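Structures given as structure tokens follow.
The same subunit A turns up in both complexes below, where it pairs with subunit B and then with subunit C.
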Partner chain A sequence: MTVFSAGGNLFARSSSARSPFAGWEKSFEETLARLAFLVLLVAGFAGLLLALVMVAREAYPALVAPSGLWGLLVADPWEPLSQPARLGVRHAWLSTLAVTSIALAVAAPLGFGIGIFITEIAPSAIKKMLQPCLELLAGIPSVVYGFFGYVTLVPWFESTFEMATGESLLAAGLILAVMVLPFVASTSAEALSAVPFDVKEAALALGVNRCCMTLRVLVRHAAPGMFAALALGLARALGETLAVLMLAGNSLAVPASLLDRGQPITALIITELGEAGIGSPKQQALFAAALVLMVVIVSVNSVIGWLKRRMLHGRG
Partner chain B sequence: MAAANSLLRTERTRLWQDGIFTAVGWSAGLLGFLLPISIVMFLFYRGAAAITWDLLWQSPRGFPLGSSGGIRPAIEGSLALVVIGLAVSLPLAVGGAIYLTEYSASDRLRRTASFCAECLAGVPAIIYGLFGYSFLVVFWGMRTSLLAGGITLGLVMLPIILIGAYEALRAVDTKYREAALALGVSRLYAFRKNVWSKGRAGIMTAVVLAAGHAFGSAAPVLLTATVVIARSGLDLSSPVMTLPSHLYYLVSEASPLDQAYATALILVALLLTANFSVMLITSRQEGRSIR
Partner chain C sequence: MKSFALFLMGFGMIVGMVTVAAAGDQDATIRAGGSTTLLPIMANCSSEFMEKYQTWDRLDAALPKSTTTVFVTGGGSGFGVKSLLSGVVDIGMVSRDLKDQEKKLLGEHQSYVVGKDAVAIAVNTRNPLAGRKKAFTAAELAAIFSGDIKSYQELDRSLPAKPVVLLTRDSGAGSTEIFQEKIMGEKKFSPKALQLPSQGALLEKLQTNSNAIAYISSGLALNNKNLKAFALENTAPTDDNVTKGVYPLARPLLMVVKGAPAPEVRHFVNYVLNSCQKIVVAHGYVPSRSVN
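Take a look at the complex of A and B:
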């Protein structure tokens, strides 16, 4: 309102008009606000970077140790109590690889199917209902998924496969698939709906049916975006902690089959960190494993960012 | 004749194809419905009976611990952690987003910052938990405490809120800024009176989303803030219980599952309520601002 009263009578306005928006107060306030917001931005990023740097610093001794990265990832077993301690996380990243592959193998077809359903098949009323359902699926916390798997999948595995315990890589992978499903589904739906309409029209004008148009034209056009959806699912699955901790069985053996128990990297960290002495080689090895995991996830995320940008700016 | 026959055949295969395509699509969509609804219904069916006044109002008791009594300290602890986390992350994230959308003239800075924020939001919470453990808990001597856990959760939320607020403010039409600036008011004034009221709803959605994520995440708080049982009340320098970690401990202690079902149900119900109410509020506000 003051804005209008300040400019309301143009003729009465002199150079010394007492509006709060002119003169040195304005420029002072402006500079101060600009500076304050900049400080907040920088402080936020500095805090986050500090976190990553600290993790790297804790991990550093394990990486430059004689056994090094090779020992950590490939050569050594996890035997922190032997003399000297052997601290390799081979079993852990193999378990992570197993549960992640299961999760993606299950979630990819389902997620793409839901994406295609949302963009091409569903009536708009159903589309509107499906969106919150997927958000709900994405909003359920990891520990609840772990609990859910523990009371449904685990007993079911025990009775069906006659296993001593149903906790296994397969159980963890299947629950993980449910967890990444909404991310794969909504990102691929986004990618599919970003395909320009004239591409669709051109295909339909050739007389092909909807199936052919979707699978051979739409999907090909949206391929980078759908790949990004898969990569997002991968990044999510790699970092997931509680569900795999509760379902994979926490076994130190190198898994030989999908029905074996295992211990993904995140589960290893949570399980062992409390018992690792501060500054001990064991703690350093755990941080190094976490650092490797983080580097992988950040690279996957950068690929996603690059693909997204290509998706947005690639055409037009 | 032969040509007509083959045409007929292709026509039939095409219909078949389309039928199968539609059927597969609908079943995928149906799965998208049934999965979340059946999970929630399952938790409700098993957990609703165990939710009593005592459960919400008392501390855990019994052996193994938590097999009787209530989960009140866990609810309080979770809420307190998220509040501290928000106190840390909200000013940094929203302030940073305001700088990027309202003040920064450099497109490159904006792109780099949002790219970095997206990468950081993708870093799993357990990494921030490790930072909280090695830096806050050990190095700064905070020990396992509410404060260390709160700061850690703040870091988890920070990039999520930053991205959400940035997107929300960027979605505000430039014409509102231009109109205000053309009247000669400062950027701050233009922001406060114009842009803020348009972008508020989006920012709030992002905040609730991030807070819900933090509320339900157990990995960072397991490393920095929680114990199996907290006997004292809430105190910045003492450890707390949280709903997710309590659920985890209940399962790993193999105690009777009634309490675990109830805890899981309460956790999910609180998150759903928060998400649903923010959805209602924002959809109402959006409806108003369009007119």
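Take a look at the complex of A and C:
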């Protein structure tokens, strides 16, 4: 979803200059190409829609069950072995909320800072080195980050906070922040460097110093793109599974503090789905949890998209 | 996430291919399905079997000259019995004792013990309990794993006041099922317990954390010098005690056949019970007969 909105933005900018079809001759090839792209577009959207519909269909029985949405999200604990099974996911969405908040709270300022550093402050030699580094960081598989956290952060937490065992929401959130950071940093750097040069020139010509120009003109201009960076990071953080499974402790208790253990939604699904019978209430509850995750991602992206449009509109 | 999706895709393709292949020569295909505990053992064993005897007539000249095909699928023990009843599988894989109700429904049937899965209570050798305690009672274990006993001092006044870290498997795991049934009874596992996704992860965590206590496959606990395994009600979880049926925290791994087995099925069952016992051991389970 995020990639779509970010891409749409870039497209809208270039199309304001000239029609995207300006260079196309009306010919057989053109019609063919148009048709092919249309088919791809429809297939892409249909795939996305199909996934959503399938998850919703599987989740439906859990949502209309006697305990209902309230039981699923708030009232019930996750006790699949008790008779009758109680299948609430409150501990999971609270854990997801906690780790995602920690990750973004750490990654957003750092990522924006790195973005500004790359575009405005860094000499070109360092810039050339930094950008591939970020791409490399973004490409590291999540199990590596998870393992890294497991052998460094977990023992460190145990000795520093005198915890009986170091797995905690904070540990998961911090590693998640490191994973999200390259996305936030490189996307915001892109947004900052896309600000037209004349805007910068005009600001500097007015005698504004560089620091003020960067923070009050450049960042303002690039804000929609930086929002997109944040949305991209958020989507990555919400969907991350392996690292949080290894670091959050995978405990069913409702977390009360950041040093408590928890089980984010993704970890709950991967832990339980393998053994859930097809069509069983447990499977339906897990799909309902997945639906919650999807709805959250889609709505957060919509809100960010709306904010972005408002900002673009407000600037005129 | 991505790797899981890939795995699902790959799995789907394999199932699809096997189903198509199976539809080709109906008569000479063995289908086994059920318990996911037995799945890796049976999958390894069947591929070994198919590699060794490419066509059925190599096993027995009286059998047809068609390709040896054994199709193994998961689904859980309950699914194994259900599919055996409906005739979807020839061999039901069940990792627990058959219930009376199931025995009645099956009518005439054979069950073969492939091996046993035993669960041992274990701690790290640096754990305060390691030098002090030799055996637990079921009541003590239920109090520990339900979270009623929160620190080692509550268990024994002379022990340090360190918190007890509970390591468990997820609710779908076979070991959790036995532990719930035979130790916990009506009690629930403490929600504070860490749920590890596999026996391997459980072993790793138990080896590194000195406050932890766990139930773990007996094969893993006994063969590890960093771990100390406890007796339950004065019975140690040794292979000998498990095979004899004295150690209570164990369950049989069964292959169940409805009616009289067809010759192909009989050959395969024999192969599993004899040549595949080493695979049973390799997966950390107790073999049904001694392997040399």
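Basically, the second predicted complex is superposed on the first by the 244 of 316 C-alpha atoms of A that agree within 3 Å, B and C clash if a C-alpha of one lies under 4 Å from a C-alpha of the other, contacts with A are read in each partner's own complex, and residues count from 1 in each chain.
Quick note on the criterion: a contact is a pair of C-beta atoms (placed from the backbone, for glycine too) under 8 Å apart; a residue touches a chain by one contact, two chains touch by 3 or more.
From a predicted model like this one, the values you see are computed outputs, not experimental measurements.
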item: Which of subunit B and subunit C A:33 touches, first, second, both or neither; value: first
item: If touched residues of subunit A are counted for subunit B and for subunit C, the larger one; value: B
item: Which of subunit B and subunit C A:242 touches, first, second, both or neither; value: both
item: Partner chain in contact with A:79 - subunit B first, subunit C second, else both or neither; value: second
item: Which of subunit B and subunit C A:263 touches, first, second, both or neither; value: second
item: Touched partner set for A:272, first subunit B, second subunit C, both or neither; value: second
item: Partner chain(s) touched by A:121 [first = subunit B, second = subunit C, both, neither]; value: first
item: Which superposed partner A:206 touches (first subunit B, second subunit C, both, neither); value: neither
item: Touching partner for A:165 - first (subunit B), second (subunit C), both, neither; value: second
item: Touching partner for A:253 - first (subunit B), second (subunit C), both, neither; value: second
item: Subunit A residues contacted in one complex by subunit B, in the other by subunit C; value: 142, 239-242, 245, 266, 270
item: Footprint of subunit A on subunit B - complex, ascending; value: 14-15, 17-18, 20-22, 24-29, 31-33, 35-37, 39-40, 42-43, 46, 89, 91-93, 95-96, 98-100, 102-103, 113, 115-116, 118-120, 122-128, 130-131, 133-135, 138, 155, 158-159, 162, 180, 183-189, 212-213, 215-219, 222-223, 244-245, 247-248, 251-252, 257, 260-261, 264, 267-268, 271-272, 275, 279
item: In the complex, subunit C residues that touch subunit A; value: 1, 4, 36, 75-76, 78-79, 162-165, 170-173, 176, 180, 188, 190-197, 208-209, 211-212
item: Parts of subunit A lying in touch with subunit C, wherever the complex brings them together; value: 77, 79-82, 91, 142, 155, 164-165, 167, 239-242, 245, 249-254, 261, 263, 266, 270-272, 274-277
item: Subunit A residues touching subunit B - in the complex, by the definition given at the top; value: 3, 7, 19-22, 26, 29-30, 33-34, 36-41, 43-45, 47-48, 50-52, 54-55, 58, 110, 113-114, 116-118, 120-122, 126, 129-130, 132-137, 139-144, 146-148, 150-152, 178, 181, 185, 209-212, 214-215, 235, 238-242, 245-246, 266, 269-270, 273, 278, 287, 290, 293-294, 297-298, 300-302, 304-305
